[in-house]
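So, here come the structures, one by one.
Two complexes come next, and they have one chain in common, chain A, joined by chain B in the first and chain C in the second.
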Partner chain A sequence: MKRQLPIAIAATIGFITLFGWFVEEPTIKSFVDDDATQWFDILASFAMFLGALNLLKMQAMKVIRKQRGWPYAALAIAGFTFSFTAGFIMLGAYSVEITEFSNSASIAPILAGEINQDVLGTQNILSVIPPGDTYTIRAPYFTEGGAESVVEQINAAGGTAEIRAAEWGAHIATRGSLFNWMFRFIFTPLSATMFALLAFFVASASFRAFKIRNFEATLLLISGIIIMLGRVPIGGNISAWFIFYIVVLALAAGVNTWFKNRTYTLIAVVGGLLVVTIAGFITGWPIDQPGIFYLPVLQDWIYNNPNVAGARAIMIGIGLGIFASSIRYILGIEKSYIGE
Partner chain B sequence: MNGSEIFGAWVAVFLTLGIFSYLYKDNPFYKIAEHVFVGVSAGYWMAMAFWTQVQPNLFGRLWPTPEGEISGFMLKAWYGIYNFFGFILPSVFPNGGIDKGHGHDPHFIYLLPFALGILMLLSVSSKWSWMARLGIAYTVGMAAGLRAYAFLNSNVLGQIKGTAVSFVDMPLFSLTGVSVFNNLIILVGTITGLLYFYFSKEHKGAFGKVTRVGIYFLMVSFGASFGFAVMGRISLLIGRFTDLISYGSETYHYASIWVLVLMIVLLTVWTIKGDKKATG
Partner chain C sequence: MEKFLDFIVRAGSLDRRVIFVVIALAVMLPLFFPLGLPIRPTNSSQQVYDVVEELEAGDKALLSFEYGPSTKPEIHPMAVALLRHLLSKDVKVYITCLWPDGQFMALEALEQVADKQYGKVYGEDYVLLGYRPGAEAIIKGLVSNIRKVFTVDSQGDFLDDIPMMAGVNQVKDFDFLFSASAGYPGTVEWVQYAADPVGVTMSTGTTSIQVNEVMPYVQSGQIKGILGGMPGAAEYESLIGQAGIGTSGMDAQSVAHIVIVAFIIFGNISFFIERRRSKKY
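Entry: the complex of A and B
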């Protein structure tokens, strides 16, 4: 049962879902279009919970057994605890809504400190609010007590203010919530820096690719460099004639490799440079002509043509591969998900 | 600038520089930032999954806000369970049911994914881990059924349709628009690239030459992807530097400068100590 039941579930659900595309049966169709995909997303969420639980279990074991680097494992647990608190326990997104501020001169000094403005500027802000409208202080009050003290001060100064709390669920995107604070000051800097770190290793990766010195590696790098340069402002400032000269020199290098004859190479270099220079003088050296050597145009052409061709070949290959493996899963041939 | 923003800036600077310190070598600052990242990410994605999927789409369907008074023993018992959970976790189960636009009647069929999800969590226990396979099997079967058709449609048929290009009523050559030459490039590139993935025949002779052309197209494509990846990373790097520069201002009490100096000093001490240990 431990083996057969999962295979039977995968096969049944797979068959129903696959045939939902091919049969005009409203119940199956609605299940495939709506519920089945929704269930998939729900189970994917449970998979995330499982991942978090697994991580906690592993890190906790490390701490309990005092394995090498256990203090760092404790930090991982602390990080998880903090984000769990921000996500589920401490809302933190309290704001203060001022409903009555006719006595703006006495409210302004209190408000100024909260919105980081001077008193006169705050008074100006309050003066342009139409009568009957409200003003919300969106400074992040992580605790209800923090917001309460501001409300008390405003009420004592002759105004009327109330605490507004964000709803649970909406708090993940509400500015001022503890979760949002964590996203802005912990999660984003860490994830962005982790990915940005790769920028430093690109140089060494490019160097290694160049060291291979075959035509394929060169093609990869040249297309990469053209795409990069062509999409940034500096690429538009590089004259097409400069690239033309580089192409002539590259061709001459090719002639040298092919014929291994100095005279031929000299003819290729001098002849090529002369032709480009004369053509430049005749046309008046326009920066974006000839278009094929102008980086923004060239990168656009590479992106829309040879790149599309290569990407299509890969995508078709992936599509066929996924189709074949999906059929294997549905037929119960592929059983890696039960550990076989 | 309020205190939480300034404190947040100091935390962000410490973590950013901690990750960047890996450029020197693997060190305690990097390890701290790395482990915090792992822990925080797990909690972050867990909360996101819960509040964007489980609470609105699962609980929201199991216990939607009822229309009027709840009648019938079963329904009363069902919402009794809800009220019990609501007493323990009022944030997840607010009073009166969950209104997420899924109607007013409970969708009891959603008990099935709920049960499968709970079973998936049993994977952490070595004794009951086999039960987690049921949930995983559902996910695998579902993905296989959905993707078999979807990928065949978009990745195979759609791409073949896109490659079936026209050669009439268009210029012979154009850099900026469609042309016979460009269409030929796409057609030749796609077919030769696909042939490269055909491994049932040895890539020799005429076939080998054709597949070589395919490799060239694939390499150009990889180059373009490489270029975009690099640009993406560099843009992230610029973003990080922009933040560090702004956090280095007086408003944030020169957070970037202080943390950087402190980190350099501590790293120097750590390196000297390490060298002494190695030589002594």
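Entry: the complex of A and C
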């Protein structure tokens, strides 16, 4: 029963979901489109919760057992605790709402300091607010105390102000919340730095590993260079005729390797260079002609032909694999999800 | 000559820290001293521009932010440029996020474009629905009934209280769909579960590396145009006539690519000399 029940549930839901795509039956369609997706959302939310607990458990075990790299695990726990505190406990995101500012001359200097404006500019802002409307200072107040001191100053200056806190959930996206601050000033720079390092490693790895060892490697290298240069503006500024000359010299090198005869090589070099030069003079050396030697055109061709062919083959393969796996799940052949 | 060849062979085993310094300079210098290289829009970028250009004031565009700080340099400039184009045409913009970081990226873009540049009103001209976990299921939910996925927006306001949400219930109510995507869930899922079954016109902006994966959908017409990485963003900026961070980044990327190609060529020359010598002896 412990084995059969999950398999039966998976098979039934699998069949219904599959039929939902092919059968125009309102109840099944409603289940697939609305109910099943909402179940999935709920499960996904719980999965995040379980994932967080699992992360904590794994890292805590590492720290307790003093396993290799345990200080990193301790740092992960500290980061998690800080994020949790910022997201759920120390919400922050307080703002100050001024409801009465008829005494704008005395309020403006206080407000100017909070919104980084000059006093005259602040007075102008206050003067255009219609009577009965309010003005909200959206400076980042992480604590209630910070907002409270501004409220006290405004009230003492003859105005009326109140503290407003962002709603639960909305505080994440509000400037002045600790979580928002953490995302902008800790997570963003760290994440961007890690990704930016890739450029350095790509350069170093290309220098060492991108070698013309055989035909396939040569093909990869040439297409890599065309893509790298053709995608950026500098590639568009390299004349097609320059590439044409390089191709002629490469062909002459091929003639030399093949025939091992100096005369033939000389004929190939001189003849090739002459043909390209005469053609250039006749056509007026247009930068993007002949198109076959213009890097952006070549790059576009590689993207749209060999690349798409390869991508399609991979996609079809993945599709067939997903289909086969799904059938195995629906028919109860695949049982890895119940630990078998 | 032999000494020169020796030098090249020795340089072939260049310390990687030297390479790092050269790359750092290649990226930094053009940022301080821009070259102003001309940007030529590709067909796929032009296609995105044409699709947006066909939209009229009051039309509804659904934008999905699926990227984070790591891919921000590639995707964010195009998201900003697209927002500029849409809001300048008074198209109503609805934003969802399939990635949790996407909400922060969307906020930043909206603050820069909707608030500061165009002075648009939240809830009337644009709305940020926010993030929900669930990947494809969220897309499928939006196709079926937006209000079952989002009861409130990112500010905690009920959808029924937001003026521009009146009459917007499903993905098919939108005139245009754009996925700013850096991976899964992203463009491919939007095509498979929303744009294709519903028939909404869709375009996308992805990282350069993702273009390979998405290109088959562009070629088949399921996606109308693609902005590929920072070059795509720069091309879009040139099309709308507002240079931004994508354009300024292209000089740096151009020089960095040239330097990498130079390293590859140099590494191969060294490799050939070494191989010839080993054959000789």
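The rule is simple: the second predicted complex is superposed on the first by the 285 of 340 C-alpha atoms of A that agree within 3 Å, B and C clash if a C-alpha of one lies under 4 Å from a C-alpha of the other, contacts with A are read in each partner's own complex, and residues count from 1 in each chain.
As a convention for this text, contacts are C-beta pairs under 8 Å (C-beta built on N, C-alpha and C of every residue); 3 or more make two chains touch, one makes a residue touch a chain.
Note that the structure is predicted; figures quoted are calculated from it, not measured.
Asker: Which holds for A:Asp33: it touches chain B only (first), chain C only (second), both, or neither?
Answerer: second
Asker: With both complexes superposed on chain A, which partner does A:Ala311 reach: first (chain B), second (chain C), both or neither?
Answerer: In the superposition, A:Ala311 contacts both chain B and chain C.
Asker: Should A:Trp168 be classified as contacting the first partner (chain B), the second (chain C), both, or neither?
Answerer: It touches chain B and chain C both.
Asker: After superposition on the shared chain, which partner residues are touched by A:Ala199: those of chain B (first), chain C (second), both, or neither?
Answerer: After superposition on chain A, A:Ala199 lies in contact with both partners, chain B and chain C.
Asker: For A:Pro6 in the superposed arrangement: first (chain B), second (chain C), both or neither?
Answerer: first
Asker: Is A:Pro296 contacted by the first partner chain B, the second partner chain C, both or neither?
Answerer: A:Pro296 contacts chain C only, not chain B.
Asker: Have a look at where A:Arg208 lands relative to chain B and chain C in the superposition and call it first, second, both or neither.
Answerer: Touch status of A:Arg208: second partner only.
Asker: With the two complexes superposed on chain A, say which partner A:Arg231 touches: chain B (first), chain C (second), both, or neither.
Answerer: Once the two structures are laid over each other on A, A:Arg231 reaches both partners.
Asker: Quick one: name whichever of chain B and chain C touches more residues of chain A.
Answerer: B
Asker: Quick check for you: in the superposed arrangement, does A:Phe88 touch first (chain B), second (chain C), both or neither?
Answerer: In the superposition, A:Phe88 touches chain B alone.
Asker: Which residues form the common part of the chain A surface touched by chain B and by chain C?
Answerer: Chain A residues touching both partners: 36-38, 40-41, 44-45, 47-48, 168-169, 172, 183-184, 187-189, 191-192, 194-195, 199-200, 202, 221, 224-225, 228, 231-232, 300, 303-304, 307-308, 310-312, 315.
Asker: Once bound in the complex, which stretches of chain A touch chain C?
Answerer: Contact set of chain A toward chain C: 33-34, 36-38, 40-41, 44-45, 47-48, 167-170, 172-173, 180, 183-184, 187-189, 191-192, 194-195, 199-200, 202-204, 206-208, 210-212, 221, 224-225, 228-229, 231-237, 296, 300, 303-304, 307-308, 310-312, 315.
Asker: Along chain B, where are the residues that touch chain A in the complex?
Answerer: Per the touch definition, chain B meets chain A at residues 1-2, 4-5, 8-9, 11-12, 15-16, 19-20, 22-23, 31-58, 91-92, 94, 109-110, 112-114, 116-118, 120-121, 123-124, 130, 132-149, 151-152, 154-156, 159-160, 162-163, 175-176, 182, 185-194, 196-197, 214-224, 226-234, 236-237, 239-240, 243.
Asker: Touching residues of chain C toward chain A in the complex: what are they?
Answerer: 14, 16, 19-20, 22-24, 27, 37-40, 42-43, 68-73, 101, 103-104, 107, 128, 130, 132-135, 137-138, 140-141, 143-145, 148-149, 152, 154-156, 208, 211-213, 215-216, 219, 228-229, 231, 234, 250-251, 253-261, 263-264, 266-268, 271-272
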